[in-house]
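Going by the order they are written in, the chains are A, B, C, D, E and F; count residues from 1 in each one.
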Amino acid sequence: MFKLVVDDEISLYLVNEAFTERYVELLEENNEYLSEWLEWPGFCKSQNDFKEFVKESLHKYADGKAMTCAVEFRGQIVGNCGLNAIHHPLKMVEMGYWIGKQYQGNGIITRVCRYLIDYAFTKLGMEKVQIAAAENNRPSRAVCERLGMQLEGIITHREKVGDRILDHAIYGIHKAKT
Amino acid sequence: MFKLVVDDEISLYLVNEAFTERYVELLEENNEYLSEWLEWPGFCKSQNDFKEFVKESLHKYADGKAMTCAVEFRGQIVGNCGLNAIHHPLKMVEMGYWIGKQYQGNGIITRVCRYLIDYAFTKLGMEKVQIAAAENNRPSRAVCERLGMQLEGIITHREKVGDRILDHAIYGIHKAKT
Amino acid sequence: MFKLVVDDEISLYLVNEAFTERYVELLEENNEYLSEWLEWPGFCKSQNDFKEFVKESLHKYADGKAMTCAVEFRGQIVGNCGLNAIHHPLKMVEMGYWIGKQYQGNGIITRVCRYLIDYAFTKLGMEKVQIAAAENNRPSRAVCERLGMQLEGIITHREKVGDRILDHAIYGIHKAKT
Amino acid sequence: MFKLVVDDEISLYLVNEAFTERYVELLEENNEYLSEWLEWPGFCKSQNDFKEFVKESLHKYADGKAMTCAVEFRGQIVGNCGLNAIHHPLKMVEMGYWIGKQYQGNGIITRVCRYLIDYAFTKLGMEKVQIAAAENNRPSRAVCERLGMQLEGIITHREKVGDRILDHAIYGIHKAKT
Amino acid sequence: MFKLVVDDEISLYLVNEAFTERYVELLEENNEYLSEWLEWPGFCKSQNDFKEFVKESLHKYADGKAMTCAVEFRGQIVGNCGLNAIHHPLKMVEMGYWIGKQYQGNGIITRVCRYLIDYAFTKLGMEKVQIAAAENNRPSRAVCERLGMQLEGIITHREKVGDRILDHAIYGIHKAKT
Amino acid sequence: MFKLVVDDEISLYLVNEAFTERYVELLEENNEYLSEWLEWPGFCKSQNDFKEFVKESLHKYADGKAMTCAVEFRGQIVGNCGLNAIHHPLKMVEMGYWIGKQYQGNGIITRVCRYLIDYAFTKLGMEKVQIAAAENNRPSRAVCERLGMQLEGIITHREKVGDRILDHAIYGIHKAKT
């Protein structure tokens, strides 16, 4: 599978149908955990749903509009991350991620995000990376803060998760002017 | 033309090809003024461009995704306003507007926006109306403040106007819980 | 809702999803009556069917090909009318209408049609308005005659209503040459 | 080429790109004559235009919506005819034709139309064949009359030929009830 | 129906919905026989399936990409043949055929193919006709040999019939250089 | 860029817009050489052409229909290779490649093809890999032979390169039955 090497422990693979069985497994182990703040577990459940997700993600990649990756940690797929929307005219990307709860505490997300921020700035010519975390999703907001991102605002009514309409904390980081 | 009556002086007409000649006139009188903070004068200039805009706006209206109106003040079309994006699942709409500089100072925009906010809450079942103004567009931000909207954040890298990538002040107003 | 004012008692609203509940009600009250000469009650029955009809009508309006309106009489929606087909190169429109049986006898259709004929001639630049009534639909043909329209012919095999293939009386009225 | 044999002198070929060179020739010889009452010589002139016409006609044939044929008389293509619109639910077809002026007077059109009327009734299960001739197109109306068709009406504003908007004499013939 | 006359006993009709009832009949009589080497009996079974096949074939004909015919022998439809793919830039066509087992032994396929080879070379400007027969389909390969075609190779993994992936014997015949 | 490591000297990158500048350079250096047996240099010349090629290739990858890669040798992009068509039902892939003439003689293509054959068999579940080389393209046929592929036939009229219609030597290799 096509990959990017983050460090000795972590690689990112361009999403592929081959990972969908593992995604279902991760979702089943972490359904409650992932459903708390994410929209997609509400409608993406089966391997076929994930195959659709993979296909759609790869078509966006083909159009230069997104770059979605499976996260491998110590030889095992543990989650997914990516540049969910690449806005070329605005030189800005929106980033997102999730990993199984059991893999938390290893700094995986932080290392992945650092790598992707650098990738966006140096390979894609972007000037800003943005993360939107649900206002009350403390762990996700902690990631943004660890990455040195700025809180730009709390924008209300931005995402529907189950029956709740959530507000988003919007974080941004800019390429250093040199 | 199909219309909504705001008050004795102001009506809103569902956009129509019939207004495009007047739109060109307004744009030509106000090109510099409108180009300062708005994206569209960069690529929407001729009557044909406006006809395309009208057609596209009406198709969005047909799909329940937008509602774009010509603003009539004392019997004359003076600008355009609308619910530029209607997000049904989020119960949220994004609102926008522009009028010719010579019509400013009559409280037109404020009256129009108040009407549309009420329309969104009572006719469309929305719970939030949002306006995004360029950070340094003081007059537009003053409108938001007059309308009693809350500043939710300054989100960077949100719009490209000419060569500048602008930051947006995001304002929101919520339907009173009753 | 966007409207055109015909007179003190009658307004026309651009069709809208908001009217579909009322349309179902009118159809249920008048099913036999409307099914006698009209094609659509055979396949447009539920609120979802009417929503599809509304959406399709609005897309045609966006393309300048039709203009379909709900008819309001003394504050209540009583039927539907419209320019069902606008032929710009031929400067000709085809007009149609229906109202609940209980609202007949108030001259509603005649007043609406007079308004729409004038609208077609003055706002849309048309030169002919045409109505096709089933040959044996006496009330509808009486409307055409009251409007001063000319009978141009009885064209056979023009519409399928249930299992019957109907012939149409074609009426036309032309803009006065001035 | 796929053909239908009308009689010893006349065959009909399903339209084919192979005939387009001859169509251009016929049009050039008869431009003024054909332009008097027909719409298409205004925009279908080059071999490429005819290729588009052939392709479109064959796609309609594939969908069961039309059947367009080249007319061969004594071994030479002399014009075009066809069932221009096949309305299955109405059991009705609209028929049309043109031939080069120099081939008139041989009863070609009458024989072709008789064959096609029979074809529509016996092979396609139709019950009515309709021809629309421009009101003042005497030769074409004479064909309809020779075929024993009924004049159903003069419908105004039905076709645009150059700058003129023409009225149509509508003729119909019905399958004998047996 | 539009036809090509091969000889006194055989005609080819451009495929038509009218033949689909007969196709179902032929398939039911020959299901086992046809399923041995052909792919389509696995998914084209009902009259509706054949109607889809006819429609699709005619659209390809409209685009100049195929020419599919019903084979008539002594007044009865006995099978189907055609130029299944017409490659204009390569001046090459792929040909295929099937007839009911009970009609074999009359030289029908050989006569049809000879006619179509000549048609491809003289009417369509092709330079090569190719037939692909399953490697072990002796009768089909015997046809190719009788037609004087050259065996160009046995290409593996070329068609899936049921659960078997078949190899193809590829035969070709070229237009004589003159 | 997402990559597959072939060996110490060679990597394969999923094609990407980032390589298109280098592709133009390679083409300009090798135009005559590449045009001798390949079709694409006839119409894919500019960086925009290559961007279209990359985009189309990535959409095919998203659909699981192809996998196109840039070939890196000792840190430099030297050509392109890939599974040009992946036929899942037939468990067969078609493979292709080109590199700049100056990089020949290093066994690059052979190593890349061996890697891709193994990838097709073990990762994609394929059972056959096929290469089509122009009959007289000796170097390309030598690659097939070095890879231990079988010559299955010389199929005529298979590709148009400039004005020549070329014949193809078809080579295949099958997964060992175990």
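Just so it is clear, a contact is a pair of C-beta atoms (placed from the backbone, for glycine too) under 8 Å apart; a residue touches a chain by one contact, two chains touch by 3 or more.
Remember, it's a predicted structure, so these values are computed and weren't measured experimentally.
Enquirer: Starting from the defined contact criterion, work out which chains touch chain B and chain C both, please.
Expert: none
Enquirer: If you walk touching chains, what's the least steps from chain B to chain D?
Expert: Minimum number of steps from chain B to chain D: 2.
Enquirer: Chain B to chain F: how many Å between their CA centres?
Expert: Chain centres of chain B and chain F, defined by C-alpha means, are spaced 53 Å apart.
Enquirer: Taking each chain's centre as the mean position of its Cα atoms, how many Å separate chain C from chain F?
Expert: 63
Enquirer: Mind checking the centre-to-centre distance between chain D and chain E? Centres are C-alpha means, answer in whole Å.
Expert: Averaging C-alpha atoms per chain gives centres 33 Å apart.
Enquirer: Draw the chains as dots and join the ones that touch; what shape do you get: line, ring, star, complete or other?
Expert: Shape of the chain contacts: a ring, since each chain touches exactly two and the loop closes.
Enquirer: Ring order, please: chain C first, chain D next, then the rest.
Expert: The cyclic sequence of chains is C, D, E, F, A, B, beginning at chain C and stepping to chain D.
Enquirer: Which positions of chain B touch chain C when the two form their complex?
Expert: Per the touch definition, chain B meets chain C at residues 1-4, 13-14, 17-18, 55, 58-59, 61-64, 123.
Enquirer: Could you pull out which chain C residues touch chain D in their complex?
Expert: Answer in residue numbers: 87, 89-92, 127-128, 130, 152-160, 165, 170, 172, 174.
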